[in-house]
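I am attaching a structure below and will ask some questions about it afterwards.
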């Protein structure tokens, strides 16, 4: 149990950090640093979960934090780095629809929109919860992830966008209602599988077709004949 | 009665599947058996419905429920049994004709399909009329549309057939669209699918439902401006199918119009004027277009539009007279319209079948390439002549018998005591008279150019009379034309209408008597007969090229109606050099301006295709664009949700 | 059919049959005199028909049964039509004969087969004649029907004998609009009998001809039948016009004196009308073919005006 | 027995995968025919199981305190549709995959992948229906995306990868928003039940006491994901590409089974929604959403040239119609929505199976490549034609009945809307006519084309579907009616 004001300050600080990482993800062109930033963002989330555990004492939060650290800060970035080694792409230079600057600007607008949308919800059910901002940031983060998906050309970057979205959802759930742990685990497994598949498909896009099916095998997802 | 009707229906169903399950080689035997089964089935159904019609009792009622709400309710009242008798009889003759007809042209497999679909088509038409609720009506209506569409696509490799097919399919759906609107509107207010008189509809809704019904059935019946499919579809379909489509299917639409506009909804005065106006326009434009047409089957198809116009005029007059409470003219026009429905079914299918024989014998539908067939195909010629006389409303044949009732109704409008309505009626009468005279002119042209004088092409010269089967069906119909005409007065009073129509029997007897007297006289004189050349002012030898063409024949009328037959001139040139001085090829064309197609149908279609192309193009994008669609939608949804909920 | 009817039919038909050729010659005679010629004798048409009956029949080798039967059909239709126009006396009602539409259509029938026979031989003349005949017929038809409608509106019946009876029992002054219709009927009469300014029955090779061109290929007794039917048609149309306007003298019962009076009065009236027609014809030149619709419009207009008058009064 | 049903449903699939993974280089299990035989047995086993449960069991049945799994009537009905389509597809795949292998379109090394994903997809789909928990349902729904994406990518072509990526990204991103909805729903339920509940049945029971506004927001968020999975405009963009590039047997599954799952979710949600205070708003929302999904295909179909894309757009339209029907939410309409699902699934399967044969014959999905269709492939031609008639809602086919009745519901709701929808349906029908008339009437010299001998395993499913469709169009078993009425009672419509 920590002091409510301190708790609030910490949480707010973490929010700022998350938004910062999100902005970085939107603008960053080097794939390696993208992965690192993502790992950092996930780490911040985990920290946030721990802080909240300290505040509320729900054991679930702790497990979530653990899971996040293992999967999102360690396993996924490692896997992505591994994938990156095998494809010729190193940097994602192309932007479609939105330039990084305008993306950031739109994100700002989005936060307002989401805030606005959320007040409707708040009137109903968030009156006893002080952390309206968590929900707002969560949904905004999800929308920003979506922006990454459509403004970046490379599949790998798109995956990062998707992962960011998922982080947004996690953030949202932290502040709204933690899901039963089993659900969280299943979601993470699902997330993993999608990332793996997307990465594999990224191979296909970035390499010739004949190689593609061989690479499918080499990756060891299924057994060679 | 139920048993008779049911066994007839099951025989028809059997005929549907027979060509496929009976793997008899050659397929000819299978087809024969199927057609024979069809014939016997039709005989059963026609007998049952005729008995119902004559006894005047509501004698057949069958039910089959899919769910408690969806019930197939088969019910014969006098209107439906009249129409079923009509369908059954004409189909019977058509089936008789089909025995030999389907053995020509197409592949073996296609003939089998044709044989199988024919009973389905006929059965669906019978069931549409027999259905006693809107659900059953729509159900069989759609089957009718689809089966006729499939039948029509017999020669489907031809570009012409494909165009016709698309036209037909789209227009059919268009009609059905309006039927759905009308029926669902009625359903909304009555909460039942039953066809029964209803007062539950508010006035506005009733009018709206009427418009929908009119457009829906009008499209199927080929009322101008919803007619464009009709000449296309009827001309490319096999002739037995065109006979059924023109002779019977259009009548089913008329049945629907009578049933829903008069039986379910209570007609208002202005409906009568709508019917009258559209009927008159259809009748007049139909025959005017027919005059210009040189495709034999298209010509007949345009005449179908004309005759449907006549029927609709009759219905319109009925509404008007009924509104003013004049019983005799109202009955005259209604009975006239229904009688004309029967008559048109008889003589139009007769004409289509004989035209089919001609087309088969000459291998072309262009009448400019026919001629002289009266000597090659005498029986067909006589049958066609009887049909022509009937459709041109020559007494004492049946076409006249019904048209005179409508004329009579028109003339009786002096009883109306409403100058405005009467003047409208008088104008309608003038148009009606013009239409009737033009029809006669058109059939003089058709019969003259197809059958008389010298053959205009080698194919026409080599034509042979068709086999017995293809004569028997039309012959029955021709006989019916005569009987229905000569005994029209007796028939009308026999079914219980006392109407001021002339008795054609003494007229016919006298006609026959006078002909016999003169023929006898001439026989008595033994006038010597000599065969010689046609007199041609001393030319050495007469060739077919010297004869009037069909174009030449109708030229005066076309000139007089030049406002309607607008032409379009195009001139294309290709040059050898860039300075455009040495001409390589020139093509000048004068084509008839197809007003409805070029000003209404095609522009609408093009507009639709333009929108479609625009929206389609939005789908040929990459993932990023699609994500933007989703993103924008989600943001919008969030905003809406925030405001709205 | 009762005896009265049979008597009427026989008498009327015989009268029409016998009297028709005379009118043909009479109009010719009047025209000739107007042109300053002496003209043929009044019985010339009878001689001509008699001559034709004795001649051989020549058919074109292109022709078919249409050519052979159409003369019979023609005369049969027109003779039956003649029964619809009472001349000798007005028969009792409910005869079955008299409907004005049926009357018109019987004449259409005759025309239909005549046009077909024109097409039969494949001769250009015949073809042209048929084409023009059908054109004229089509555009005159609304006018004819309009005139009939006008009659029906004025006299409140569609039965021809009844119409005659109504006018006979009343006075022409009761129906002033009848004169309007009558002028319209006169134009129709000119058109239907193929006279100047629509057609010229005198010539055979002028390119404007219509009626004569169609029967060009007919010969011998068949031609005679055609000519005879032409005369009959002319007579019954004249009778229609006469009896609508001036039915006086016509008998309504079957006494011998009555019949004699009506026949005699009719002959006088018909002779007068024939003279009028001949004179009328002499005043006009033939109208260009495509100007004909304008001419018909006059008649159409007259009938229409009649109806409007009738409705508004 | 019913107590073990849940295990009975998922064990075979899991066993199969385990066998595949553990068998290594076993030649026997690498043979496509063996794999196919196993798949067929699997599919029919589940079909049989479903039929037995349907006919004997007392439903609903809850497992693990009803917290995660349950079988109720709606679920078993959806499973019935899914197992039927899967059984047919498994048979069809026998010949189809063999031919793809022969032509080298699938590498033989990937046969295991194909059948593995096929059977896993099957299991996951069944489990998604059996989930009583919305979150669990969400997870299985996500997994279906995964496995079906794998099935799409099995063909060696770059467009398949692109299609697959489109599918994954659009569907999964939309599904994440659904998850936000689930979280809100969970939070909401905590106000009523202390622990929080995400069970369909519990939510249904407590629906009237849910906070309206918040539920509305949750509903819309959930709808985004479910709508994307069922191909509703504007999340439909993945659908035409995916359907057209996937192997036809997979397209049939996508259209016939996968789209249904999203609709199933929407139906369940709506059954809760109608009891809340925002019911009217959500009704309007659903009707508009359905309408938009009919508008877009109505205007797109006419310019299509690819048969499978054409069929795919028609699927979008039908999903729109279903959502529209669900939005109307009167018992009668829901009854026919349920019926419509079966009809639609079967018709789409029929169409894609036929299109598959055409693709084998002409090596293209373009309509202008189709030559001498009736001569070369009579059965597939009739399959395509009857299938088209069926999806257009022509009589003799079940969709006619359901379409008519959904439209009556619409007529009760709004006449203007009815006319609009009918007009759109007219445009769709016209486009179908336009497409089919052009496709089937092209002739070419017969020598140039070699006839593709359709294996019996590919033609029999087509015949079977046509028969089932015709029977359903003319006869509705009383059992089915009772089932539907039961479902409607369960859902509280």
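A, B, C and D are the chain letters, set down in written order, and residue numbers restart from 1 in every chain.
In this section, a contact is a pair of C-beta atoms (placed from the backbone, for glycine too) under 8 Å apart; a residue touches a chain by one contact, two chains touch by 3 or more.
None of these values were measured; they are calculated from a predicted model.
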Most extensive contact between chains (C-beta pair count): B-C
Chain at maximum distance from chain D, centres defined as averaged CA atoms: C
Chain centre separation in whole Å, for chain D relative to chain C (CA means): 79
Distance from chain C to chain B - Cα centre to Cα centre, in angstrom: 36
Centre-to-centre distance between chain D and chain B (centres being mean Cα positions), rounded to whole Å: 43
Distance from the mean Cα position of chain B to that of chain A, given in whole angstrom: 68
For chain C, residues contacting two or more additional chains: none
Overlap residues in chain D, where contacts from two or more other chains coincide: 162, 165, 169, 173, 177, 212-213, 217
Chain B: positions in contact with at least two other chains: 623, 627, 630, 634, 641-642, 645
Interchain contacts, given as pairs of chains that touch: A-B, A-D, B-C, B-D
In the complex with chain D, residue positions of chain B that touch it: 66-67, 69-70, 109, 135, 138-140, 142-143, 146, 153, 156-157, 161-162, 165-166, 169-170, 173-174, 176-177, 180-181, 184-185, 187-188, 608-609, 611-613, 615-616, 619, 621, 623, 626-627, 629-630, 633-634, 637, 641-642, 644-645
List of chain C residues in touch with chain B within their complex: 1, 9, 53-66, 71-73, 75-77, 79-80, 83, 96-102, 105-106, 108-109, 111-112, 115-116, 119-124, 127-128, 130-132, 134-135, 137-142, 144-146, 148-149, 152-153, 156, 158, 216-217, 220-221, 225, 289-290, 293, 300, 304, 307-308, 310-312
Parts of chain D lying in touch with chain A, wherever the complex brings them together: 20-21, 23-25, 30, 107-110, 112-113, 116, 133, 135-136, 139, 142-143, 145-146, 149-150, 153, 156-158, 161-162, 164-165, 168-169, 172-173, 176-177, 179-180, 182-184, 186-188, 190-191, 196, 211-214, 217
Chain A - residues contacting chain B, complex: 96-97, 110, 113-114, 116-120, 139, 143, 146-147, 149-151, 153, 158
Residue numbers on chain B that touch chain A, as the complex places them: 623-625, 627-628, 630-631, 634-635, 638-639, 641-642, 645
